[in-house]
Amino acid sequence: MAELLEAGLIVTLVGLTVVFVMLTVLIFVIGTMSRLSRIIDVVVTAAPPASTARPATALRRADDDELAGVIGAAIAAHRRKR
Amino acid sequence: MEDSIRELWLSTGLANFRLGQILMMLVGGTLLFLAIRKKFEPLLLVPIGFGAILSNIPIAAMAGPEGLLGYVYAVGIETGVFPLLIFLGVGALTDFGALIANPKTILLGAAAQFGIFTTMIGALLLNAVPGFDFTLADAASIGIIGGADGPTAIFLATRLAPELLGAIAVAAYSYMALVPIIQPPIMRLLTTKKERAVVMQQMRPVSKLERILFPLTVLIVTALLLPTAVPLIGMLTFGNLLRECGVVERLNKAAQNEIINIVTIFLGLAVGSKLSADQFLRVETLGILVLGAIAFGIGTAAGVLMGKIMCWATGGKVNPLIGAAGVSAVPMAARVVNKVGQETDENNFLLMHAMGPNVAGVIGSAVAAGVLLALLGP
Amino acid sequence: MAELLEAGLIVTLVGLTVVFVMLTVLIFVIGTMSRLSRIIDVVVTAAPPASTARPATALRRADDDELAGVIGAAIAAHRRKR
Amino acid sequence: MEDSIRELWLSTGLANFRLGQILMMLVGGTLLFLAIRKKFEPLLLVPIGFGAILSNIPIAAMAGPEGLLGYVYAVGIETGVFPLLIFLGVGALTDFGALIANPKTILLGAAAQFGIFTTMIGALLLNAVPGFDFTLADAASIGIIGGADGPTAIFLATRLAPELLGAIAVAAYSYMALVPIIQPPIMRLLTTKKERAVVMQQMRPVSKLERILFPLTVLIVTALLLPTAVPLIGMLTFGNLLRECGVVERLNKAAQNEIINIVTIFLGLAVGSKLSADQFLRVETLGILVLGAIAFGIGTAAGVLMGKIMCWATGGKVNPLIGAAGVSAVPMAARVVNKVGQETDENNFLLMHAMGPNVAGVIGSAVAAGVLLALLGP
Amino acid sequence: MEDSIRELWLSTGLANFRLGQILMMLVGGTLLFLAIRKKFEPLLLVPIGFGAILSNIPIAAMAGPEGLLGYVYAVGIETGVFPLLIFLGVGALTDFGALIANPKTILLGAAAQFGIFTTMIGALLLNAVPGFDFTLADAASIGIIGGADGPTAIFLATRLAPELLGAIAVAAYSYMALVPIIQPPIMRLLTTKKERAVVMQQMRPVSKLERILFPLTVLIVTALLLPTAVPLIGMLTFGNLLRECGVVERLNKAAQNEIINIVTIFLGLAVGSKLSADQFLRVETLGILVLGAIAFGIGTAAGVLMGKIMCWATGGKVNPLIGAAGVSAVPMAARVVNKVGQETDENNFLLMHAMGPNVAGVIGSAVAAGVLLALLGP
Amino acid sequence: MAELLEAGLIVTLVGLTVVFVMLTVLIFVIGTMSRLSRIIDVVVTAAPPASTARPATALRRADDDELAGVIGAAIAAHRRKR
């Protein structure tokens, strides 16, 4: 049993160390990430919007407001012509 | 103690990462960037990108036979079940009214499949370049990217060229997102201003009975002529019947929402899990990406040219632009048609007219996949 | 490679033919289906409604308006009697 | 080239359809017509009918071991999982209040099970006719049609007579839809006008605690007396506990909607996939259809007769018509009772009183299935 | 005839119940009572309790290899799939904003994991008592109860000590429900009134980009340092990315609702099916329950003590009470912190500040589980 | 066939008996359950509410009204102080 207990103590020591090391690393990395993202936000807001591609969402076929709008406009235009 | 620490070190990522895995995680990150920032088909590319990252983490073995992504792949992709369930949902989400009102536009959906077959030939020609060694089945799977239909591409690639699945799926969804950039120059190049200004007649209304009989009709024709396309077309038409029959709203809702949403998450993760370094970081992937872009371009051109023929044959009643929607990529391609049409005449609303070839393109690609399965399948 | 290319060309030829034949057949069949359904619609609308069976949907137990209505009426009737 | 064309021709439906498959597709189409046009249990008959069409298309092999319907059948029906999940949803959807308020009406749900057993004897007698050769297990599975409970019929048939599953499921759901046509003449024949005019006492309210203890009570009694009925009754009562306990609304909603809807789609497709020509186009199917109608009729009659006994025993406090609801077919049969009652006195609302025997019939059939499994099961 | 009756009697529960099964059904009933009447984590304990009852009914064999619960266990628990899907949903449901705004509070989530490891040692010490014979893997699985995270506990126990799964899951969810009773005395004991009155600074707002990069950051760190925690952390962060990326609302909704609800029902039933007499009715279960309570207490204490250190280090800017939220049990423990804080100053709202360590505790336990898997896993 | 029919009759006899016995038992047990639950309701309503434990529902994180309320109050309190 002493052997098992020793193994348990080692697991505890190693385990707690890893938990603290990893979560401490996480603290710093998250801090860095936050600072980085503030820089990015500033740069991107200053620059003109990079994205010109239109949204592409194959699944939104049904509840597509834009589609409905265009259809509505098309119908209205047609009626006007008649 | 020392053993424990050594064991632990050996189980860290730091001690096990290989360069290929890091590069693939960057690929996954790029897909996430395109999906979230550039809105490239995010419903698929977010799960695919995340799946690529997860499956390239060493030790975790999430894409292995006992990992979550491995299980999902075995259950959902290898069996073909997930793409078919997506098709069930797509059928329930799709309004085929425009196609029923104007069935001739199906021809435009047929023409756009040119892209599939010419790209297949292109892939075979690429074998002349050292480093490329595509089989006929590989080439066919690459060609199907031109179908602009994700589930069809995944279904066929899983059967004909499973080792290329990752690259093919990524190319298919990426180019579908790029439709607004790829198509307009081709459309403008191939049409005159006068053609682009053609105003089409208003469509007739479609009765409820027609809408109910339509999926059954399509299924019967497929059954008679091309049974290998029945799994895809069968699920598409089943979903559409649930939508149109009007007596099973509960099931229709389940197909349109719960089923397609849940399956999309897992399909994406599982496809992403095939983005491994040894299969993706090769010159062949570059070839697939180039050929995929060509496939989209040729498909668009063929659709527009068929549109010109129909314009001429009907004495100018068809605006050739709507042919570009035949590649499918529903409903993006139809919107692009509308937009390009309005560049010439901003009161010309082509959207509804483009929906016919647009949904016909879904059927067209499934039929093309059926032919390829019949000729090259196992 | 020439052999492979030849096979590819055959697949292309056969494949495109099948796609066009099948979708052309589909055009005609859909047209016929549309004409047929207009005839059916006319015939059925002229004739008295054939369906006398009541809707039977075992799963709609929960959100069943009709059921709720009948229950409501029953409760009302009972109260009136008391 | 010629080889390709030949191969392609051999892979068309035209070259492979056999007469039986065409007939079975017509059967599938008929089911769709009944479901969509006549509103015969559309939630089940639309998927079953479509499944029948899909599984009879040659070459596609959708019902084969590597086809979508084959997978679904193996995973969901052979294991018994799907009918049990439907029962989970039915439990969450069912209000047992009427039965708790008036537990004596359970007897009416018991009497209606007469139909099951007499039909079983009828099936055995049919063996005297050449061409029929039902085993005892077959006969029991046919009898269960009289239980008027789809999932119970499917669960039992899968275990006792899997080769008859298609015909039994079709008969069960079709006759459930025909309840408004089959039952009224029998009800009128067996009751006097005076009996039909009996007005029943208003029911007492049922407390929340009773509603929570009810599913557990039913489960414990089943566990003690008839454990072979525990899978069905267990899932039914679990669903009902989720509904009544009031602290797990999320799970209750999932059972009532997502789970039952998704499972219904796949259960229907998988059952439809058993409608193959060699199993359905035989004289035995005719026998099953005839016997199924008889089973419904006898069940209705037994319920009404037991209602008459209860009417007499209580000194006229029970309207015998409510016995007809004991066949289950929830909530159709209870509505039919209400309607027939109103023919005599249009201010007589029997609906709530009929709900007691109606839901008791669900328990009754599950118990009958449990007995049959205990005596004849594997 | 006699044979039939004899067969039937032998198939009743009455003839087959053993004492252990009856006791386990009482255990199941107790869990239902706690869940429904006392509102102890009802979403899990209702299915677990019902699963315990179902699986202890003789003859029915619902937990057997061909029973519904047996199938569900094999498919969802043995593979680890269900806990991971729950984590996907938890990620989609969790707002990590408080943690991003104040990452230092992660240390509190780390400290609370002390409970896990000291309890593991406690379990090993218990081996000195006759009747106890825990392996190191058993002890680690017991310790994880202190993580106060159900899915993590189930995931680890399935891998390290599957025979203890039932007791561990029951202890984990029961103690999570008891957090409002276990924690406050410990919190009051270890802090001065002045410390409890500390008012914390308002948190800064968190940008959308930070929220999107957060899950990816956590995943990358985990991948580099502890890949064995990647399945749990990977699914948690994937769910969180679906939530925060803003372009896949359909998938986010599916993860938050359909997926987590459906999986919770089946996870609960399957865990309940492991509550069999031979595995639960032993002195070891008592030990597990006692040790679990200790684990929660030590975790709370360690969190509060680390809070005191942070209070001192920041010159009184951190209220030590929020350390107690580091055990996770989201969002219960954070509410308890808020309540205990208001006992001293009723205008002191600590809830948002406690959410940081609270969600950090989820990550902390998953990391601890990863370490234990790396050191003791198969 | 006579043998099969005999077996069928035995199954019928035994089966119907079991169905009636079990459902009759159920009638009495449900009646007892109802009486019991009325007693419990009376006893419990008379006694003070036994449950002091707060509801604990790990999954309700998102749509948690109480949480929203407390957060709202906290924000309001903070603004007042500034």
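Going by the order they are written in, the chains are A, B, C, D, E and F; count residues from 1 in each one.
Methods note: contacts are C-beta pairs under 8 Å (C-beta built on N, C-alpha and C of every residue); 3 or more make two chains touch, one makes a residue touch a chain.
As the structure is a prediction and not an experimental result, all values here were calculated from the model.
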Given chain D and chain E, the chains that contact each of them: B, F
Identity of the chain that, by mean CA position, is farthest from chain C: E
Pair sharing more residue contacts (C-beta pairs) when C-D is set against D-F: D-F
Type of chain B:chain E copy interface by residue overlap (half), same or different: different
Reference chain F; chain at largest CA-centroid distance: B
Intercentroid distance (Cα basis), chain E paired with chain B, Å: 41
Chain A and chain E, separation of their C-alpha mean positions in angstrom: 26
Averaged-CA centre spacing for the pair chain F and chain B, given as whole angstrom: 48
Numbers and ranges of chain E residues touching at least 2 other chains: 4, 8, 39, 42-43, 225-226, 247, 250, 258, 264, 371, 375
Residues within chain A bordering two or more other chains: 11, 14, 18, 55, 57, 59
Every chain pair in contact, whichever chains are involved: A-B, A-E, B-C, B-D, B-E, C-D, D-E, D-F, E-F
Touching residues (chain side chain D, partner chain E) in the complex: 79-81, 84, 212, 216, 219, 223-228, 230-231, 234-235, 238, 241-242, 245-248, 250-251, 253-255, 258-259, 371, 374-375
List of chain D residues in touch with chain F within their complex: 99-100, 103-104, 106-107, 109-110, 113-114, 116-118, 120-121, 124-125, 127-128, 135-136, 139-140, 207, 209-210, 213-214, 217-218, 220-222, 225-226, 247, 250, 360, 363-364, 367-368, 371-372, 375-376
Touch list for chain B against partner chain A, complex: 1, 4-5, 8, 37-44, 89-90, 93-95, 150, 176-181, 202, 256, 260, 264, 329-332, 335, 338, 347, 349, 351-352
Partner chain E, residues of chain A touching it in the complex: 1, 4-5, 7-9, 11-12, 14-16, 18-27, 29-31, 33-34, 36-38, 40-41, 55, 57, 59-60
Of chain D, residues touching chain B in the complex: 4, 7-8, 11-14, 16-17, 25, 29, 32, 35-36, 39, 42-43, 46-47, 50, 53-54, 57-60, 62, 66-68, 71, 257-258, 261-262, 264-265, 269
